[in-house]
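As C-alpha coordinates, here come the structures.
Across the two complexes that follow, chain A remains constant while its partner is chain B and subsequently chain C.
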Partner chain A sequence: MPKGEAAELILPAHMDSLAPFQAFAAEQGELLGMSPALGPKLDLVLEEALVNVINYAYPDGNGDIRMRCFSGQNQDKGLVCFSIEDQGPAFDPMGREDPDTDAPMEDRNIGGLGIFFIKEMTETVDYERRGESNVLTFCMVLAPE
Partner chain B sequence: MEFESQKQGNSTVIKVTGRMDAVTAPEFEEKSGEIMEAGNTDFIVDFGSLEYISSAGLRSVLSVAKKLKAKQGGIRFCNLDGMVQEVFSVSGFSSMFPIFDTLEDALAEG
Partner chain C sequence: MDLTQSERDGILVVELHETRLESANADSFKTRLLESITGGHERIALDLSRLDFLDSSGLAALISGLKALQGKGEIVLCGVQEKIMKIFRITKLDRGVFRFFPDTEIAAAALSE
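Now for the complex of A and B:
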(Lines of atoms letter the chains of each structure in order from A and count residues from 1; the text may use other names and numbers.)
(Lines give C-alpha, C1' and ligand atoms only; values in the text may rest on other atoms or scores of the structure.)
Protein backbone atom coordinates (compact mmCIF):
# COMPACT_ATOMS: atom_id res chain seq x y z
CA MET A 1 0.00 0.00 0.00
CA PRO A 2 2.70 2.57 0.82
CA LYS A 3 4.53 4.02 -2.14
CA GLY A 4 7.15 6.60 -2.90
CA GLU A 5 9.78 8.28 -0.78
CA ALA A 6 9.31 8.79 2.94
CA ALA A 7 10.22 11.86 4.96
CA GLU A 8 11.55 11.16 8.41
CA LEU A 9 11.94 12.90 11.78
CA ILE A 10 13.61 11.47 14.87
CA LEU A 11 13.14 13.16 18.24
CA PRO A 12 13.46 12.15 21.91
CA ALA A 13 10.42 10.43 23.45
CA HIS A 14 9.48 13.49 25.45
CA MET A 15 6.35 15.67 25.71
CA ASP A 16 8.37 18.58 24.24
CA SER A 17 8.59 16.60 21.00
CA LEU A 18 4.81 16.40 20.54
CA ALA A 19 4.34 19.81 18.89
CA PRO A 20 7.37 19.46 16.54
CA PHE A 21 6.11 16.02 15.42
CA GLN A 22 2.63 17.47 14.77
CA ALA A 23 4.10 20.40 12.82
CA PHE A 24 6.29 18.05 10.76
CA ALA A 25 3.32 15.80 9.97
CA ALA A 26 1.14 18.76 8.94
CA GLU A 27 3.89 20.06 6.67
CA GLN A 28 4.53 16.67 5.05
CA GLY A 29 0.81 15.99 4.75
CA GLU A 30 0.36 19.27 2.93
CA LEU A 31 3.19 18.39 0.51
CA LEU A 32 1.35 15.14 -0.26
CA GLY A 33 -1.91 16.98 -0.93
CA MET A 34 -3.72 16.41 2.35
CA SER A 35 -6.88 18.48 2.82
CA PRO A 36 -6.28 21.22 5.46
CA ALA A 37 -9.63 20.21 6.99
CA LEU A 38 -7.93 17.01 8.20
CA GLY A 39 -5.46 18.97 10.34
CA PRO A 40 -7.19 18.70 13.74
CA LYS A 41 -7.95 15.00 13.26
CA LEU A 42 -4.37 14.29 12.27
CA ASP A 43 -3.16 16.21 15.34
CA LEU A 44 -5.44 14.10 17.51
CA VAL A 45 -4.30 10.76 16.09
CA LEU A 46 -0.65 11.82 16.39
CA GLU A 47 -1.07 13.00 19.98
CA GLU A 48 -2.79 9.79 21.06
CA ALA A 49 -0.15 7.61 19.40
CA LEU A 50 2.85 9.67 20.52
CA VAL A 51 1.73 10.22 24.12
CA ASN A 52 1.39 6.44 24.53
CA VAL A 53 4.97 5.97 23.39
CA ILE A 54 6.24 8.92 25.45
CA ASN A 55 4.55 7.60 28.61
CA TYR A 56 5.21 3.88 28.30
CA ALA A 57 7.91 2.88 25.80
CA TYR A 58 10.96 3.91 27.80
CA PRO A 59 10.55 3.41 31.57
CA ASP A 60 13.99 4.93 32.21
CA GLY A 61 12.96 8.02 30.26
CA ASN A 62 15.58 7.78 27.51
CA GLY A 63 14.79 6.84 23.96
CA ASP A 64 13.81 8.17 20.57
CA ILE A 65 10.72 8.12 18.40
CA ARG A 66 11.04 7.90 14.64
CA MET A 67 8.21 9.24 12.52
CA ARG A 68 7.98 8.59 8.82
CA CYS A 69 5.49 10.16 6.45
CA PHE A 70 4.67 8.75 3.02
CA SER A 71 1.85 8.51 0.52
CA GLY A 72 -0.30 5.45 -0.02
CA GLN A 73 -3.21 4.16 -2.00
CA ASN A 74 -6.36 2.28 -0.99
CA GLN A 75 -8.26 1.26 -4.13
CA ASP A 76 -8.95 4.61 -5.81
CA LYS A 77 -8.31 6.72 -2.70
CA GLY A 78 -5.05 8.58 -2.15
CA LEU A 79 -3.76 8.25 1.40
CA VAL A 80 -1.33 10.07 3.63
CA CYS A 81 0.44 7.61 5.93
CA PHE A 82 2.52 7.95 9.07
CA SER A 83 4.54 5.39 10.95
CA ILE A 84 5.67 5.85 14.53
CA GLU A 85 8.50 3.68 15.72
CA ASP A 86 10.01 3.09 19.15
CA GLN A 87 12.46 0.59 20.65
CA GLY A 88 10.46 -0.16 23.80
CA PRO A 89 9.13 -3.54 24.92
CA ALA A 90 6.66 -5.13 22.50
CA PHE A 91 3.27 -3.44 22.87
CA ASP A 92 0.36 -3.86 20.50
CA PRO A 93 -2.04 -0.97 21.15
CA MET A 94 -4.59 -2.52 18.78
CA GLY A 95 -4.86 -5.52 21.10
CA ARG A 96 -6.87 -3.48 23.62
CA GLU A 97 -10.60 -3.74 23.90
CA ASP A 98 -12.58 -0.67 22.85
CA PRO A 99 -13.94 1.38 25.76
CA ASP A 100 -17.67 1.26 26.60
CA THR A 101 -18.73 4.66 25.27
CA ASP A 102 -22.27 4.16 26.62
CA ALA A 103 -21.24 3.71 30.25
CA PRO A 104 -22.55 6.25 32.79
CA MET A 105 -20.12 8.83 34.17
CA GLU A 106 -19.48 6.98 37.44
CA ASP A 107 -18.22 3.92 35.54
CA ARG A 108 -16.32 5.76 32.85
CA ASN A 109 -12.62 5.27 32.68
CA ILE A 110 -10.56 7.08 30.08
CA GLY A 111 -8.17 4.19 29.49
CA GLY A 112 -8.28 3.01 25.90
CA LEU A 113 -10.02 6.10 24.56
CA GLY A 114 -6.90 7.42 22.82
CA ILE A 115 -6.44 4.17 20.90
CA PHE A 116 -10.15 4.15 20.10
CA PHE A 117 -9.75 7.64 18.55
CA ILE A 118 -6.84 6.39 16.41
CA LYS A 119 -9.03 3.59 15.05
CA GLU A 120 -12.05 5.86 14.52
CA MET A 121 -10.23 8.71 12.79
CA THR A 122 -8.01 6.76 10.37
CA GLU A 123 -8.64 4.74 7.22
CA THR A 124 -6.19 1.97 8.14
CA VAL A 125 -4.08 1.26 11.21
CA ASP A 126 -1.57 -1.53 11.73
CA TYR A 127 0.82 -2.57 14.45
CA GLU A 128 3.95 -4.54 13.75
CA ARG A 129 6.83 -5.78 15.92
CA ARG A 130 9.88 -5.42 13.69
CA GLY A 131 12.99 -6.80 15.39
CA GLU A 132 13.43 -4.67 18.51
CA SER A 133 10.95 -2.01 17.34
CA ASN A 134 7.25 -1.29 17.72
CA VAL A 135 5.91 0.19 14.50
CA LEU A 136 2.44 1.72 14.39
CA THR A 137 1.37 2.75 10.89
CA PHE A 138 -1.81 4.61 10.10
CA CYS A 139 -3.22 6.21 6.97
CA MET A 140 -5.86 8.83 6.34
CA VAL A 141 -7.70 9.64 3.12
CA LEU A 142 -6.01 12.72 1.60
CA ALA A 143 -9.23 14.46 0.64
CA PRO A 144 -12.33 12.89 2.23
CA GLU A 145 -15.62 13.63 0.45
CA MET B 1 -4.89 27.17 26.36
CA GLU B 2 -6.62 30.11 27.99
CA PHE B 3 -9.04 29.69 30.86
CA GLU B 4 -11.49 32.40 31.90
CA SER B 5 -14.20 32.07 34.51
CA GLN B 6 -17.06 34.31 35.45
CA LYS B 7 -19.89 33.92 37.91
CA GLN B 8 -23.34 34.31 36.33
CA GLY B 9 -26.16 33.87 38.82
CA ASN B 10 -25.61 30.55 40.59
CA SER B 11 -23.44 29.22 37.80
CA THR B 12 -19.79 29.65 36.96
CA VAL B 13 -19.19 30.06 33.24
CA ILE B 14 -15.80 28.77 32.15
CA LYS B 15 -14.55 29.75 28.72
CA VAL B 16 -11.68 27.71 27.34
CA THR B 17 -9.73 28.97 24.32
CA GLY B 18 -7.14 27.16 22.22
CA ARG B 19 -6.07 23.57 22.74
CA MET B 20 -6.74 21.04 25.50
CA ASP B 21 -4.05 18.43 24.96
CA ALA B 22 -1.72 16.26 27.03
CA VAL B 23 0.37 19.33 27.82
CA THR B 24 -2.36 21.84 28.74
CA ALA B 25 -5.23 19.71 30.12
CA PRO B 26 -3.85 19.53 33.69
CA GLU B 27 -4.26 23.31 33.85
CA PHE B 28 -8.00 22.96 33.22
CA GLU B 29 -8.23 20.53 36.12
CA GLU B 30 -6.18 22.72 38.42
CA LYS B 31 -8.12 25.94 37.71
CA SER B 32 -11.45 24.14 37.96
CA GLY B 33 -10.31 22.80 41.34
CA GLU B 34 -9.69 26.33 42.57
CA ILE B 35 -13.22 27.38 41.58
CA MET B 36 -14.68 24.36 43.41
CA GLU B 37 -12.65 25.15 46.50
CA ALA B 38 -14.16 28.63 46.51
CA GLY B 39 -17.55 26.90 46.88
CA ASN B 40 -18.83 27.07 43.28
CA THR B 41 -20.06 23.73 42.00
CA ASP B 42 -22.40 24.57 39.11
CA PHE B 43 -20.20 24.73 36.01
CA ILE B 44 -21.09 25.77 32.48
CA VAL B 45 -18.15 25.14 30.17
CA ASP B 46 -18.20 27.20 26.98
CA PHE B 47 -16.08 25.40 24.37
CA GLY B 48 -16.94 27.85 21.57
CA SER B 49 -13.32 29.00 21.26
CA LEU B 50 -11.77 25.59 21.86
CA GLU B 51 -10.06 24.43 18.67
CA TYR B 52 -8.80 21.05 19.78
CA ILE B 53 -9.32 18.41 22.47
CA SER B 54 -7.69 14.98 22.91
CA SER B 55 -8.28 12.05 25.27
CA ALA B 56 -6.05 13.86 27.77
CA GLY B 57 -8.51 16.79 27.66
CA LEU B 58 -11.46 14.42 28.13
CA ARG B 59 -9.68 12.82 31.09
CA SER B 60 -9.51 16.24 32.79
CA VAL B 61 -13.15 16.97 31.95
CA LEU B 62 -14.24 13.64 33.45
CA SER B 63 -12.14 14.13 36.56
CA VAL B 64 -13.67 17.59 37.16
CA ALA B 65 -17.19 16.23 36.51
CA LYS B 66 -16.72 13.44 39.05
CA LYS B 67 -15.47 15.88 41.69
CA LEU B 68 -18.44 18.21 41.05
CA LYS B 69 -20.86 15.32 41.38
CA ALA B 70 -19.28 14.33 44.71
CA LYS B 71 -20.04 17.89 45.87
CA GLN B 72 -23.66 17.67 44.64
CA GLY B 73 -22.74 20.03 41.81
CA GLY B 74 -22.84 19.58 38.07
CA ILE B 75 -21.30 20.45 34.74
CA ARG B 76 -22.84 21.26 31.37
CA PHE B 77 -21.32 22.31 28.06
CA CYS B 78 -22.20 24.71 25.28
CA ASN B 79 -21.03 25.88 21.84
CA LEU B 80 -19.32 22.62 20.83
CA ASP B 81 -18.04 22.87 17.27
CA GLY B 82 -15.86 21.12 14.69
CA MET B 83 -13.47 18.45 15.92
CA VAL B 84 -14.37 19.16 19.58
CA GLN B 85 -17.96 18.21 18.81
CA GLU B 86 -16.79 15.11 16.93
CA VAL B 87 -14.53 13.99 19.79
CA PHE B 88 -17.40 14.46 22.28
CA SER B 89 -19.65 12.43 20.03
CA VAL B 90 -17.23 9.57 19.23
CA SER B 91 -16.26 9.20 22.91
CA GLY B 92 -19.86 9.12 24.15
CA PHE B 93 -19.31 12.30 26.20
CA SER B 94 -22.17 13.97 24.30
CA SER B 95 -24.65 11.53 25.80
CA MET B 96 -23.00 11.55 29.23
CA PHE B 97 -23.32 15.30 29.81
CA PRO B 98 -25.95 17.96 29.10
CA ILE B 99 -24.89 19.81 25.94
CA PHE B 100 -26.44 23.09 24.78
CA ASP B 101 -26.17 24.96 21.50
CA THR B 102 -25.68 28.34 23.14
CA LEU B 103 -24.56 29.81 26.46
CA GLU B 104 -28.03 31.36 26.88
CA ASP B 105 -29.64 27.92 26.64
CA ALA B 106 -27.18 26.50 29.17
CA LEU B 107 -27.80 29.38 31.58
CA ALA B 108 -31.56 28.99 31.25
CA GLU B 109 -31.23 25.41 32.47
CA GLY B 110 -29.59 26.49 35.76
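Now for the complex of A and C:
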Protein backbone atom coordinates (compact mmCIF):
# COMPACT_ATOMS: atom_id res chain seq x y z
CA MET A 1 0.00 0.00 0.00
CA PRO A 2 2.69 2.57 0.83
CA LYS A 3 4.47 4.09 -2.12
CA GLY A 4 6.93 6.85 -2.78
CA GLU A 5 9.43 8.49 -0.51
CA ALA A 6 8.73 9.28 3.11
CA ALA A 7 9.34 12.46 5.05
CA GLU A 8 10.57 11.82 8.55
CA LEU A 9 10.69 13.57 11.90
CA ILE A 10 12.32 12.23 15.06
CA LEU A 11 11.61 13.89 18.40
CA PRO A 12 11.84 12.91 22.07
CA ALA A 13 8.85 11.03 23.45
CA HIS A 14 7.63 14.01 25.48
CA MET A 15 4.33 15.87 25.50
CA ASP A 16 6.24 18.91 24.18
CA SER A 17 6.77 16.99 20.96
CA LEU A 18 3.07 16.51 20.31
CA ALA A 19 2.41 19.87 18.65
CA PRO A 20 5.52 19.71 16.40
CA PHE A 21 4.54 16.21 15.28
CA GLN A 22 1.00 17.39 14.50
CA ALA A 23 2.31 20.41 12.60
CA PHE A 24 4.73 18.21 10.65
CA ALA A 25 1.97 15.74 9.78
CA ALA A 26 -0.37 18.51 8.64
CA GLU A 27 2.36 20.08 6.50
CA GLN A 28 3.41 16.79 4.92
CA GLY A 29 -0.19 15.74 4.43
CA GLU A 30 -0.90 18.96 2.60
CA LEU A 31 2.13 18.41 0.35
CA LEU A 32 0.71 14.99 -0.53
CA GLY A 33 -2.68 16.49 -1.40
CA MET A 34 -4.57 15.75 1.79
CA SER A 35 -7.93 17.49 2.03
CA PRO A 36 -7.92 20.26 4.68
CA ALA A 37 -11.20 18.72 5.89
CA LEU A 38 -9.17 15.82 7.28
CA GLY A 39 -7.26 18.12 9.64
CA PRO A 40 -9.36 17.60 12.79
CA LYS A 41 -9.49 13.82 12.28
CA LEU A 42 -5.75 13.65 11.72
CA ASP A 43 -5.12 15.76 14.83
CA LEU A 44 -7.19 13.38 16.92
CA VAL A 45 -5.63 10.21 15.50
CA LEU A 46 -2.12 11.59 16.03
CA GLU A 47 -2.91 12.71 19.56
CA GLU A 48 -4.24 9.27 20.46
CA ALA A 49 -1.34 7.40 18.90
CA LEU A 50 1.43 9.68 20.14
CA VAL A 51 0.15 10.13 23.70
CA ASN A 52 -0.02 6.37 24.00
CA VAL A 53 3.66 6.08 23.07
CA ILE A 54 4.67 9.07 25.21
CA ASN A 55 2.93 7.62 28.27
CA TYR A 56 3.87 3.98 27.95
CA ALA A 57 6.78 3.24 25.61
CA TYR A 58 9.60 4.51 27.78
CA PRO A 59 9.04 3.98 31.51
CA ASP A 60 12.33 5.80 32.30
CA GLY A 61 11.17 8.78 30.24
CA ASN A 62 14.02 8.60 27.72
CA GLY A 63 13.43 7.67 24.13
CA ASP A 64 12.49 8.96 20.74
CA ILE A 65 9.53 8.70 18.43
CA ARG A 66 10.04 8.52 14.70
CA MET A 67 7.18 9.68 12.51
CA ARG A 68 7.16 9.02 8.80
CA CYS A 69 4.70 10.42 6.31
CA PHE A 70 4.24 8.94 2.85
CA SER A 71 1.65 8.43 0.16
CA GLY A 72 -0.23 5.19 -0.41
CA GLN A 73 -2.88 3.61 -2.54
CA ASN A 74 -5.87 1.44 -1.70
CA GLN A 75 -7.49 0.24 -4.92
CA ASP A 76 -8.44 3.50 -6.62
CA LYS A 77 -8.12 5.66 -3.53
CA GLY A 78 -5.09 7.82 -2.86
CA LEU A 79 -3.95 7.68 0.74
CA VAL A 80 -1.83 9.70 3.09
CA CYS A 81 -0.04 7.42 5.55
CA PHE A 82 1.78 7.96 8.80
CA SER A 83 3.91 5.56 10.75
CA ILE A 84 4.82 6.08 14.38
CA GLU A 85 7.76 4.13 15.66
CA ASP A 86 9.18 3.67 19.14
CA GLN A 87 11.75 1.39 20.72
CA GLY A 88 9.72 0.44 23.76
CA PRO A 89 8.68 -3.05 24.81
CA ALA A 90 6.48 -4.86 22.31
CA PHE A 91 2.97 -3.50 22.51
CA ASP A 92 0.27 -4.25 19.97
CA PRO A 93 -2.54 -1.74 20.46
CA MET A 94 -4.55 -3.59 17.83
CA GLY A 95 -4.61 -6.60 20.10
CA ARG A 96 -7.07 -4.90 22.43
CA GLU A 97 -10.74 -5.59 22.08
CA ASP A 98 -12.83 -2.64 20.95
CA PRO A 99 -14.91 -1.07 23.69
CA ASP A 100 -18.52 -2.24 23.66
CA THR A 101 -20.31 0.91 22.56
CA ASP A 102 -23.67 -0.81 22.97
CA ALA A 103 -23.11 -1.65 26.64
CA PRO A 104 -25.09 0.24 29.27
CA MET A 105 -23.18 3.00 31.01
CA GLU A 106 -22.55 1.02 34.19
CA ASP A 107 -20.78 -1.69 32.17
CA ARG A 108 -18.77 0.61 29.95
CA ASN A 109 -15.01 0.72 30.33
CA ILE A 110 -13.49 4.15 30.56
CA GLY A 111 -10.29 3.13 28.76
CA GLY A 112 -9.61 1.73 25.33
CA LEU A 113 -11.26 4.53 23.42
CA GLY A 114 -8.06 5.91 21.90
CA ILE A 115 -7.24 3.00 19.61
CA PHE A 116 -10.95 2.71 18.82
CA PHE A 117 -10.89 6.30 17.54
CA ILE A 118 -7.82 5.54 15.44
CA LYS A 119 -9.53 2.53 13.86
CA GLU A 120 -12.75 4.43 13.24
CA MET A 121 -11.11 7.46 11.67
CA THR A 122 -8.59 5.84 9.38
CA GLU A 123 -8.83 3.78 6.21
CA THR A 124 -6.26 1.24 7.38
CA VAL A 125 -4.27 0.75 10.57
CA ASP A 126 -1.60 -1.85 11.19
CA TYR A 127 0.83 -2.72 13.93
CA GLU A 128 4.15 -4.40 13.34
CA ARG A 129 6.96 -5.39 15.69
CA ARG A 130 9.99 -4.66 13.56
CA GLY A 131 13.21 -5.74 15.29
CA GLU A 132 13.25 -3.77 18.54
CA SER A 133 10.63 -1.30 17.37
CA ASN A 134 6.87 -0.93 17.58
CA VAL A 135 5.55 0.49 14.32
CA LEU A 136 1.98 1.69 14.08
CA THR A 137 1.00 2.69 10.55
CA PHE A 138 -2.28 4.27 9.61
CA CYS A 139 -3.58 5.69 6.36
CA MET A 140 -6.38 8.07 5.52
CA VAL A 141 -8.07 8.71 2.20
CA LEU A 142 -6.54 11.89 0.76
CA ALA A 143 -9.82 13.39 -0.33
CA PRO A 144 -12.80 11.56 1.15
CA GLU A 145 -16.14 12.00 -0.64
CA MET B 1 -8.28 24.07 33.94
CA ASP B 2 -10.13 27.20 32.97
CA LEU B 3 -13.80 26.87 33.87
CA THR B 4 -16.46 28.71 35.81
CA GLN B 5 -19.21 27.19 37.91
CA SER B 6 -22.49 28.71 38.94
CA GLU B 7 -25.70 27.39 40.37
CA ARG B 8 -29.11 27.92 38.82
CA ASP B 9 -32.17 26.50 40.60
CA GLY B 10 -30.13 23.67 42.13
CA ILE B 11 -28.44 22.89 38.85
CA LEU B 12 -24.70 23.25 38.56
CA VAL B 13 -23.76 25.08 35.38
CA VAL B 14 -20.16 24.50 34.38
CA GLU B 15 -18.74 26.64 31.63
CA LEU B 16 -15.58 25.24 30.13
CA HIS B 17 -13.34 27.98 28.76
CA GLU B 18 -10.81 25.63 27.19
CA THR B 19 -10.84 24.95 23.46
CA ARG B 20 -9.26 21.53 23.90
CA LEU B 21 -10.10 18.75 26.32
CA GLU B 22 -7.29 16.28 25.89
CA SER B 23 -4.59 14.31 27.67
CA ALA B 24 -2.86 17.48 28.88
CA ASN B 25 -5.86 18.77 30.86
CA ALA B 26 -8.38 15.92 31.10
CA ASP B 27 -7.22 14.81 34.56
CA SER B 28 -7.58 18.29 35.94
CA PHE B 29 -11.05 18.58 34.42
CA LYS B 30 -12.05 15.19 35.80
CA THR B 31 -10.89 16.19 39.28
CA ARG B 32 -13.03 19.35 39.17
CA LEU B 33 -16.03 17.43 37.89
CA LEU B 34 -15.72 14.70 40.52
CA GLU B 35 -15.27 17.31 43.27
CA SER B 36 -18.55 18.87 42.25
CA ILE B 37 -20.29 15.51 42.29
CA THR B 38 -18.88 14.44 45.66
CA GLY B 39 -19.84 17.94 46.87
CA GLY B 40 -23.46 16.98 46.27
CA HIS B 41 -24.24 18.19 42.75
CA GLU B 42 -26.28 15.65 40.85
CA ARG B 43 -27.65 17.75 37.98
CA ILE B 44 -24.92 19.31 35.92
CA ALA B 45 -25.16 21.32 32.70
CA LEU B 46 -21.79 21.47 31.03
CA ASP B 47 -21.20 24.22 28.48
CA LEU B 48 -18.79 22.85 25.88
CA SER B 49 -19.47 25.46 23.22
CA ARG B 50 -15.85 26.66 23.12
CA LEU B 51 -14.50 23.16 22.67
CA ASP B 52 -13.07 22.33 19.26
CA PHE B 53 -10.98 19.29 20.18
CA LEU B 54 -11.90 16.31 22.34
CA ASP B 55 -9.82 13.17 22.63
CA SER B 56 -10.32 9.86 24.43
CA SER B 57 -8.93 11.27 27.70
CA GLY B 58 -11.45 14.09 27.66
CA LEU B 59 -14.25 11.73 26.82
CA ALA B 60 -13.12 9.37 29.59
CA ALA B 61 -13.28 12.30 32.05
CA LEU B 62 -16.91 12.93 31.06
CA ILE B 63 -17.74 9.24 31.40
CA SER B 64 -16.06 9.17 34.83
CA GLY B 65 -18.37 11.96 35.93
CA LEU B 66 -21.39 10.07 34.71
CA LYS B 67 -20.26 6.90 36.46
CA ALA B 68 -19.63 8.83 39.68
CA LEU B 69 -23.28 9.86 39.68
CA GLN B 70 -24.22 6.18 39.88
CA GLY B 71 -27.45 6.82 38.04
CA LYS B 72 -28.64 9.35 40.64
CA GLY B 73 -28.33 12.43 38.51
CA GLU B 74 -27.43 13.63 35.07
CA ILE B 75 -24.72 15.47 33.20
CA VAL B 76 -26.04 17.20 30.10
CA LEU B 77 -23.89 18.79 27.43
CA CYS B 78 -24.54 22.17 25.87
CA GLY B 79 -23.45 23.92 22.70
CA VAL B 80 -21.42 20.99 21.40
CA GLN B 81 -19.96 21.77 17.98
CA GLU B 82 -20.68 19.40 15.10
CA LYS B 83 -17.11 18.13 14.82
CA ILE B 84 -17.15 17.20 18.51
CA MET B 85 -20.58 15.57 18.13
CA LYS B 86 -18.94 13.04 15.81
CA ILE B 87 -16.95 11.70 18.76
CA PHE B 88 -20.15 11.12 20.72
CA ARG B 89 -21.81 9.46 17.73
CA ILE B 90 -18.90 7.09 17.10
CA THR B 91 -19.00 5.94 20.70
CA LYS B 92 -22.82 5.95 20.75
CA LEU B 93 -22.73 8.20 23.79
CA ASP B 94 -25.39 10.31 22.10
CA ARG B 95 -27.90 7.49 22.45
CA GLY B 96 -29.47 7.64 25.85
CA VAL B 97 -26.23 8.40 27.67
CA PHE B 98 -25.69 12.15 27.37
CA ARG B 99 -28.45 14.57 26.45
CA PHE B 100 -27.46 17.55 24.33
CA PHE B 101 -28.88 21.06 24.43
CA PRO B 102 -28.13 24.22 22.46
CA ASP B 103 -27.27 26.21 25.60
CA THR B 104 -27.21 26.02 29.39
CA GLU B 105 -30.44 27.95 29.80
CA ILE B 106 -32.44 25.39 27.85
CA ALA B 107 -30.52 22.59 29.57
CA ALA B 108 -31.25 24.00 33.03
CA ALA B 109 -34.94 24.24 32.18
CA ALA B 110 -34.96 20.61 31.03
CA LEU B 111 -33.10 19.47 34.15
CA SER B 112 -35.60 21.31 36.34
CA GLU B 113 -38.55 19.36 34.93
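Note that the second predicted complex is superposed on the first by the 145 of 145 C-alpha atoms of A that agree within 3 Å, B and C clash if a C-alpha of one lies under 4 Å from a C-alpha of the other, contacts with A are read in each partner's own complex, and residues count from 1 in each chain.
The definition used in the following text is that a contact is a pair of C-beta atoms (placed from the backbone, for glycine too) under 8 Å apart; a residue touches a chain by one contact, two chains touch by 3 or more.
None of the values given here were measured: they were computed from a predicted structure.
Engineer: State whether chain B and chain C clash or fit side by side on chain A once the two structures are superposed.
Structural biologist: The answer is clash.
Engineer: For A:Gly61, select first, second, both or neither according to whether it touches chain B, chain C, the two together, or no partner.
Structural biologist: In the superposition, A:Gly61 touches no partner, neither chain B nor chain C.
Engineer: Would you sort A:Met105 into first (chain B), second (chain C), both or neither based on which partner it touches?
Structural biologist: The answer is both, since A:Met105 touches chain B and chain C.
Engineer: One more residue to check, A:Leu44. First (chain B), second (chain C), both or neither?
Structural biologist: After superposition on chain A, A:Leu44 lies in contact with both partners, chain B and chain C.
Engineer: Output check: A:Glu120 vs chain B and chain C. Expected answer is one of first, second, both, neither. What do you get?
Structural biologist: both
Engineer: For A:Met15, is the partner it touches chain B (first), chain C (second), both, or none of the two (neither)?
Structural biologist: Both partners, chain B and chain C.
Engineer: Which parts of chain A are touched by chain B and by chain C alike?
Structural biologist: The answer is residues 15, 40, 43-44, 47-48, 51, 101-102, 105-106, 108, 110, 113-114, 116-117, 120 of chain A.
Engineer: Over in the complex, which chain C residues touch chain A? Could you list them?
Structural biologist: 22-24, 52-53, 55-57, 59-60, 63-64, 66-67, 71, 83, 87, 90-93, 97
Engineer: Which chain B residues qualify as touching chain A in the complex?
Structural biologist: Chain B residues touching chain A: 21-23, 51-52, 54-56, 58-59, 62, 65-66, 69, 82-83, 86-87, 90-92, 95-97.
Engineer: Enumerate the contact residues on chain A facing chain C in the complex.
Structural biologist: 15, 40, 43-44, 47-48, 51, 55, 99, 101-102, 105-106, 108, 110-111, 113-114, 116-117, 120
Engineer: Given the complex with chain B, which residues does chain A contribute to the contact?
Structural biologist: Touching chain B: residues 15, 18-19, 40-41, 43-44, 47-48, 51, 101-106, 108, 110, 113-114, 116-117, 120-121 of chain A.
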